[in-house]
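These notes concern the structure reproduced below.
Chain IDs A, B, C, D and E follow the sequence of writing; residue 1 opens each chain.
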Amino acid sequence: MIVGKVVGNVWATRKEEALEGMKLMVVRRQDAVTLEELETLVAVDFIGAGIGDRVIVATGSSARHAGRCTSNEPVDATIVGIIDEVEVQEP
Amino acid sequence: MIVGKVVGNVWATRKEEALEGMKLMVVRRQDAVTLEELETLVAVDFIGAGIGDRVIVATGSSARHAGRCTSNEPVDATIVGIIDEVEVQEP
Amino acid sequence: MIVGKVVGNVWATRKEEALEGMKLMVVRRQDAVTLEELETLVAVDFIGAGIGDRVIVATGSSARHAGRCTSNEPVDATIVGIIDEVEVQEP
Amino acid sequence: MIVGKVVGNVWATRKEEALEGMKLMVVRRQDAVTLEELETLVAVDFIGAGIGDRVIVATGSSARHAGRCTSNEPVDATIVGIIDEVEVQEP
Amino acid sequence: MIVGKVVGNVWATRKEEALEGMKLMVVRRQDAVTLEELETLVAVDFIGAGIGDRVIVATGSSARHAGRCTSNEPVDATIVGIIDEVEVQEP
């Protein structure tokens, strides 16, 4: 999974039917240690993440095994955890 | 999923039979916030996207769970939403 | 899918049995618009692509849904179309 | 699989139910030969890896075939081995 | 698939049970044409590759359709061919 920060929402009226009612959020990937800002992605949220939250995102087919997905949705990124703390022990 | 802009069409007479009748579009990936232009990909469109539209693209096996795909097509990128607005709240 | 140019063939006598008789080609990925040359990959060809052809390549599990694959082959990249034209409308 | 070094833990109270009780670790990918430090990821650990361990991480759908996963979890990276030694013979 | 050179072995006493008895090799990815050296990965070998061999590696879920894998192993990279020759026709 990757670590990122929720930075926004995406609105799309015309979309795949399976995405109806799903909350689509913009996540900016970060280095988990240095917090360096990396690429953005759009992830579905089923657990109530909000703007500014640091989150764990599952990608690929694994993203279809979260929330109300039945593994048959056109979804390749899902927020699977809201981070309380990243405890790093790098010298 | 990734955010991109539809920049063109791809025409291929000789192709896998499963792709017959599918609309193949060139999408340039963008950073969802800065709009920095990134790599290109070819995505199938089932929802009527046009040149210039900003879109959400699902990739990998998830792309086969969209439109008229039955999960058995040689398709790894599908346009799943046409973006109305990306609402960013990054300081 | 990605756009690339077929630049060569790969010969391997010792290989997984499932690859016997498959034509393995070296494809150099290109930016679909600028034609900038990117990384190389090895893709299976079932549709008769030749050196110099610009092609569409499906990657990942989707590559196993093309040609004579039955979705059980150790194949992660397949040429799925020979490009006639990329019609770009980028300003 | 990729080689990395375990550098920390991630704590997330609110998360997908399937992740309850799973140990989530921050792994920094490394070049297996030069030890150059690369990107970070969050991987599940079922084999008792600790901070500072060099590990092998399986990614993508393959990560769901490890430990107590039943292939239906929103998990895309799992530690599958703790490295004793990387024996390199590069000139 | 990608092209790489086998540069070493990885030893891990503590590992996923499914990996017992599998030969884990360090492969350095190369550009198939320029031989530029790229990232490293750990790939399983079922076909007898040795140090110094140039090989074809299948990645992702496709790696689980090789050798004695039954598609249920935590394996995401497998050596599927030992290269005799890459015949390039790039001007």
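Structural remarks
Please note the rule applied: a residue touches a chain if its C-beta (ideal position, glycine included) is under 8 Å from a C-beta of that chain, and two chains touch if they have at least 3 such contacts.
Note that the coordinates shown come from a computational prediction; the quantities given were computed from them, not determined experimentally.
Under the contact definition stated at the top, no chain borders both chain B and chain C. Rounded to whole angstrom units, the spacing between the C-alpha centres of chain A and chain C is 31.
Separation between the centroids of chain D and chain E, computed from CA atoms only, is 19 Å. Listed for chain C are residues 60-61, 63, each touching two or more other chains. Traced around the ring of touching chains, beginning at chain C and stepping first to chain E, the chains run C, E, D, A, B. If you check the complex, the residues on chain D that touch chain E are 1-3, 31-33, 38, 46-48, 56, 58-63, 65-67, 71, 78, 80-90.
By the touch rule above, chain E contacts chain D in their complex via residues 7-16, 18-19, 24, 26, 28, 39-43, 51-52, 60-61, 63-64, 72-77.
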